[in-house]
Amino acid sequence: MPVGESRHPSQSDAADEAQWVWAEIKAEARRDAESEPALASYLYSTILSHSSLDRSLSFHLGNKLCSSTLLSTLLYDLFLNAFSGDPDLRSAAVADLRAARSRDPACVSFSHCLLNYKGFLACQAHRVSHKLWTQSRKPLALALQSRISDVFAIDIHPGAKLGKGILFDHATGVVVGETAVIGDNVSMLHHVTLGGTGKAGGDRHPKIGDGVLIGAGATILGNVKIGAGAKIGAGSVVLIEVPPRATAVGNPARVVEGKEASKLDECPGMSMDHTSFISEWSDYTI
Amino acid sequence: MPVGESRHPSQSDAADEAQWVWAEIKAEARRDAESEPALASYLYSTILSHSSLDRSLSFHLGNKLCSSTLLSTLLYDLFLNAFSGDPDLRSAAVADLRAARSRDPACVSFSHCLLNYKGFLACQAHRVSHKLWTQSRKPLALALQSRISDVFAIDIHPGAKLGKGILFDHATGVVVGETAVIGDNVSMLHHVTLGGTGKAGGDRHPKIGDGVLIGAGATILGNVKIGAGAKIGAGSVVLIEVPPRATAVGNPARVVEGKEASKLDECPGMSMDHTSFISEWSDYTI
Amino acid sequence: MPVGESRHPSQSDAADEAQWVWAEIKAEARRDAESEPALASYLYSTILSHSSLDRSLSFHLGNKLCSSTLLSTLLYDLFLNAFSGDPDLRSAAVADLRAARSRDPACVSFSHCLLNYKGFLACQAHRVSHKLWTQSRKPLALALQSRISDVFAIDIHPGAKLGKGILFDHATGVVVGETAVIGDNVSMLHHVTLGGTGKAGGDRHPKIGDGVLIGAGATILGNVKIGAGAKIGAGSVVLIEVPPRATAVGNPARVVEGKEASKLDECPGMSMDHTSFISEWSDYTI
Amino acid sequence: MPVGESRHPSQSDAADEAQWVWAEIKAEARRDAESEPALASYLYSTILSHSSLDRSLSFHLGNKLCSSTLLSTLLYDLFLNAFSGDPDLRSAAVADLRAARSRDPACVSFSHCLLNYKGFLACQAHRVSHKLWTQSRKPLALALQSRISDVFAIDIHPGAKLGKGILFDHATGVVVGETAVIGDNVSMLHHVTLGGTGKAGGDRHPKIGDGVLIGAGATILGNVKIGAGAKIGAGSVVLIEVPPRATAVGNPARVVEGKEASKLDECPGMSMDHTSFISEWSDYTI
Amino acid sequence: MPVGESRHPSQSDAADEAQWVWAEIKAEARRDAESEPALASYLYSTILSHSSLDRSLSFHLGNKLCSSTLLSTLLYDLFLNAFSGDPDLRSAAVADLRAARSRDPACVSFSHCLLNYKGFLACQAHRVSHKLWTQSRKPLALALQSRISDVFAIDIHPGAKLGKGILFDHATGVVVGETAVIGDNVSMLHHVTLGGTGKAGGDRHPKIGDGVLIGAGATILGNVKIGAGAKIGAGSVVLIEVPPRATAVGNPARVVEGKEASKLDECPGMSMDHTSFISEWSDYTI
Amino acid sequence: MPVGESRHPSQSDAADEAQWVWAEIKAEARRDAESEPALASYLYSTILSHSSLDRSLSFHLGNKLCSSTLLSTLLYDLFLNAFSGDPDLRSAAVADLRAARSRDPACVSFSHCLLNYKGFLACQAHRVSHKLWTQSRKPLALALQSRISDVFAIDIHPGAKLGKGILFDHATGVVVGETAVIGDNVSMLHHVTLGGTGKAGGDRHPKIGDGVLIGAGATILGNVKIGAGAKIGAGSVVLIEVPPRATAVGNPARVVEGKEASKLDECPGMSMDHTSFISEWSDYTI
């Protein structure tokens, strides 16, 4: 069931979308603050005192990722500048919020994801780290990667490219290498590795197509292509290319449902289709 | 060998048990404080300054799980109210302390477990989070889950039901889904997943019987039953029901010792039997 | 390619080596501070304000591992005393820095490793914890282990013996048991378990030979010997002895390249050979 | 004008009084939280999340007075136990809140005083410190005195006895010695010293009668009596006894209005009279 | 000697002035960071990593005034919004920096004042608090006043109006009441009170003219006028009007140099004259 | 009465003295920790875990004076290096501890002073700041002065020269200028100012002779000499030279007991005499 869709009037662009999601988040937080006074202070500081999703997210990330040697004010500034200066970062965050809300049955609200999903938070912080990386601000990007890894136990190299509508569910232990690419609407569980091989220099990490689902503990190694809409079983060790819409399982993984590849033609190119597609297949979400 | 049992006079109820364990913990901490002045401040603040296990545990959890937006005093209050108001929480904590002490050869004392076992601490915090969940204080329960996941890299949904005498050994990376149930005297190692499947809504996570042992990195998915006294091999991916006292290994897992099921009749219902039972089988503890 | 070797004049002893690496680190940090003012404060506090690698490392570990009940000043003192009093700790740290720099293509500088590699930091803190353990200061050693596990999600028992030139890459989720031994120039990825079996008391954990490479998510259980220069595939579950230079893969793992064992004779005993050796084989580094 | 009195129905006892004031405080905080989202988190954490004035005050003092070596949870516990166990502490706090509200034209609400008046907060913390002192818990009492002096720049010896309805206005720099006694409904400004003389051992500090007003920077030294309803001018240095209702000014101070002493008979014994009495005389409040 | 003037080219407006002072501050900090590595981290975080005086000051104030319940990120945001949105705040800060630099012989550089002068910092924070007050954001203004009083022991009511070029030297213990007004180029030492009298409601605090100098510990009470260029001796208690350019001393204070009033005609209206004027008279600066 | 002297065998040098005082401090702290478990953690972290007075003091100052931008580890290092490298700093600290213990009736033990006297702590920190000043490390010295002023509300310019056996009693609000000199065995109360005058450049602050006693709130301005053994009354404003053993009181101060000057001949040069001398005169201690 596409959660949160029902009351959502059709909207033309990302800014409206962000406005709508932010309004929902504030409404949720207000409701929660009223029902749970013990949490109200937290909800006001993280959400209700802020005038925009950008500010709320920058505040939350700054306070989560700070340390005694990297102060919250510095990180807050860094995040706020990044989110304010690049609308794509905001729209990616909104797409990720919707992904968690619609794909994860345990996600009870947008604010639940915004506040509590380490995978969501690591992903937004990574996007800023990646931006710094592309601007040749590598030492800062790497420092950010390190903080994300310490705080969330999620290690994404700043060089990795991520699409929109990503769901890192549970997310602990996820490792994504420097030259990995992750398409739109990908969902992956915890302990997933997108690793390299030492033999190959340069471009050495997996390329994950749109709408792929990767189960818990799966390890994908090398510059292999996982086709759009493919599914990787939990605990699999994948060293080979996986065709679109195919399913690979086992250690070492083999493609078990080659016939699925034929379904590809039926796959619509729109992201919503990818999402519904995943929900059909999400055998391993928890 | 049932560690710590020898000097323990038979006791009739949980309160006596808790008293005895708490006295042991204080004696251990006093001994350690004397031998190691550098640690004495820590031991006094966490154990020796407190008048009860409830207070010590609430203090320790409050200070471990706090953040700049969720203050230690708030969490301390929350834990203390929960432990004071529900004797079952305390007796479950005591049972968990005894589980670590008797099953884990690396556990040198009760205080070692109380202070240092992230699995133990996450488990006690989860029990409070679960209580909040059942009282419909969901936003607070979820905030607590998030802090446990950030701080300990252990992600247990507040909805999950846990028995007593649980040992989460090492515990990093453990993920337990919303409708999972874990019986009494279960031991599980790190990186264990009790996950769901996307296809099934509602009750979608594993049910783990009493006295089950789950090896490191095992992934159990879906609403499957793992029978009492069963054993799941390290690294297994389990999608099927496992009979009582059976052993499942591999990816995908298969039951390798069906003959073991016949032993079930010999299995006494008392928890101590389960424990000794585990120690016979604990091939994968580290 | 042996990174960082070219400009490095031959040096006779460890002290010179440490001096040279420390000078490199300062030069790198100075360069980064100039190019990135937002990071300069961090670089000065962690590196540029210190007169030696010992002090820089003690400061960084003290501030990373401290908590509200274990203050940074106490830990700083503990680390500084350990590093100052034992040159082996410093030379092991230097060897680890070189290992990361030469084996991990994602490691852009020594300072990158010193500041950001949780595996490197956990390893140095473990060495101090191990030293305390051998001095019968067990409660303090265990408290340190617990902090390392909380902060870095890396759980190494203080009793475990580690060689030099160790690379814990990504490192999240690594678990190493009490009687495990890790040789020189070993590389292992994240989620690696060197675990015990409950049946065997006493010496119950793996012995890893020099120059071994262990892939992501591999689980090695029991007092088994992994021969020098062996390679363990990602996701493997190893319950058996693996001969030198052999490769084991799968769940359960089997030795797939027995023929490799014959190469052993060609394996030079010098560490550089081990290193080049690894780089030939590092199929699973990311 | 007796502020806050108008809407106050006649109440028979201190508990009702405390209830009423606490309800006012919550209403004020709720109003402020609504009008100022930036402050809402602060208001919820300090006031609105608490079920009683005792808890709110304990939380606020614990978080104000804590340090890296005296944790907020420890202080919170200490204050909460004290306030819960001694109704006099609570009623004194309520009387002090009313004193600030009715005597200080700059005090806009009860919550303003509770949250922001360092004199009020130091006074409540002192009462707990004094209680510890009388229970022979002197080291803890002195540690608390030291924290109050560090945080608020107000130094009140734990031995000093304070009445109810005290107003320390601005309060920075106030020093009160061990054997000083301060009566009910006393108001004093900042930089006031109630000091001793080295010559006299034992009882060596001033005794301040009910309803006395002491101006900014006044210094009163030795075991001298300041009669009820007396007034000490700002900047005075008082080494002599001052009769009831008299006014002393100057350095050294002399009694300037001996005639006032005759008014004493007209002074009603009820505290309200003392209060109105002060308002007539409060030439030096700011 | 007008310090810092020599290298200062004539500038037409406040923005240029701010630019020039900010450039000086950065140059000073860079020089200090080079000569004192132990301080470099501090200098980078507070000054050198920032792109403007606004940001540096907001960062410094946010980190100085924050508490566990009023986070640095919230305060940083508040200050940055205020300074960015009101050029007068910045130009007042610049005038205050120049005042310290030119009038206080102990002030060795602009950065010395910016970083270390609690009087300067309290004054800038007050200006933001005053702005909030005039915008009817009183609860936030009062919370800020309280933090300034706790952290700096300086208590300035948000309602008080301050001119530019103010020097609060040493500043500990300064108290300024709600309806006080302080003119331009006023210098005052520590423990100065601009207090009210209880009898007068409404406008009840002193009005301090331009270029006034107030010595340490002076207490000025009531709605009295201290004329431009007047001087108040240390330790004086002033209850009367003081004519322009007159000097008042003693307790109670009397005007000792009535003849000085005649000099008024010679007093140029330009601020520089006031400044030189002060330096002639600054008998009590330390 | 010379407190703590009785059990003190005659000792030849400062090192023995320091040893003896340190042993007393540990014994006191041990006693207090046993009687007050709530304080034990604090006593272990500040005193009982340390091997010397140098380390205890460095730890305590580092944790008191640190801020989010000046970390405790940096300050601890700075203090420890200073105290370790300069025996005079330690012997001055010991003399100050004895001064408090023997002159202040409210000082119940050496540890009471070490832990709780802000005047003592500010004085020790100042000595380090002064040392830095004489080594031309002025920016660091000034940063330290600023922290002392923020934390303790005591503002001593790093240039000021202090003798040994100094007692700053209560100490809040003390201000000491750059060229001030304070002799041995001086006692001064809170709010004392040793200020300069603007007219005189260079050497412009008071010179306080040995054994002088300065009452609360006294203000001494300009390069005036206060003779050995003189006494300055509380609240005095001193602009003139005061002969040895004379007493000055009032605003402005006049010498009231010129006859006392004749006693000078009887004044023994030994510090004990100065001490007894003070106790005769200490009319204003509290």
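Going by the order they are written in, the chains are A, B, C, D, E and F; count residues from 1 in each one.
Methods note: a contact is a pair of C-beta atoms (placed from the backbone, for glycine too) under 8 Å apart; a residue touches a chain by one contact, two chains touch by 3 or more.
From a predicted model like this one, the values you see are computed outputs, not experimental measurements.
Shared contact partners of subunit B and subunit E, listed by label: A, C, D, F. Listed by label, the chains that touch subunit B and also subunit D are A, C, E, F. Counting C-beta pairs in contact, the pair that comes out ahead of the other among B-F and D-E is D-E. Residue numbering at the subunit B/subunit C interface overlaps only partly, since under half of the positions present are found in both copies.
Relative to subunit D, the most remote chain by averaged C-alpha coordinates is C. Put simply, the C-alpha centre of subunit A and that of subunit B have 30 angstrom between them. Distance between chain centres (mean CA atoms), subunit A to subunit E: 49 Å.
Contacts with at least two other chains are made by residues 38, 41-42, 45, 49, 63, 68-69, 71-72, 74, 153, 172-173, 191, 217, 235, 251 of subunit F. By the touch rule above, subunit F contacts subunit D in their complex via residues 32, 35-36, 38-39, 41-43, 45-46, 60, 63-64, 66, 72, 103, 105-106, 108, 112, 115-118, 151-153, 170, 172-173, 189-191, 215-217, 233-236, 249-251, 278-279, 281-286. Note for the complex: subunit F touches subunit A at residues 68-69, 71. Per the touch definition, subunit D reaches subunit A in the complex via residues 33, 37-38, 40-42, 44-45, 48-49. Residues 67-70, 74, 78, 137-140, 142-143, 145-146, 149-150, 153-155, 157, 172-173, 175, 177-178, 191, 193-199, 201, 204-205, 217, 219, 221, 235, 237, 251-252 of subunit E are the ones that touch subunit D when the two sit in their complex. Partner subunit A is touched in their complex by these residues of subunit E: 41, 45, 49, 55, 59, 62-63, 69, 71-74, 76-77.
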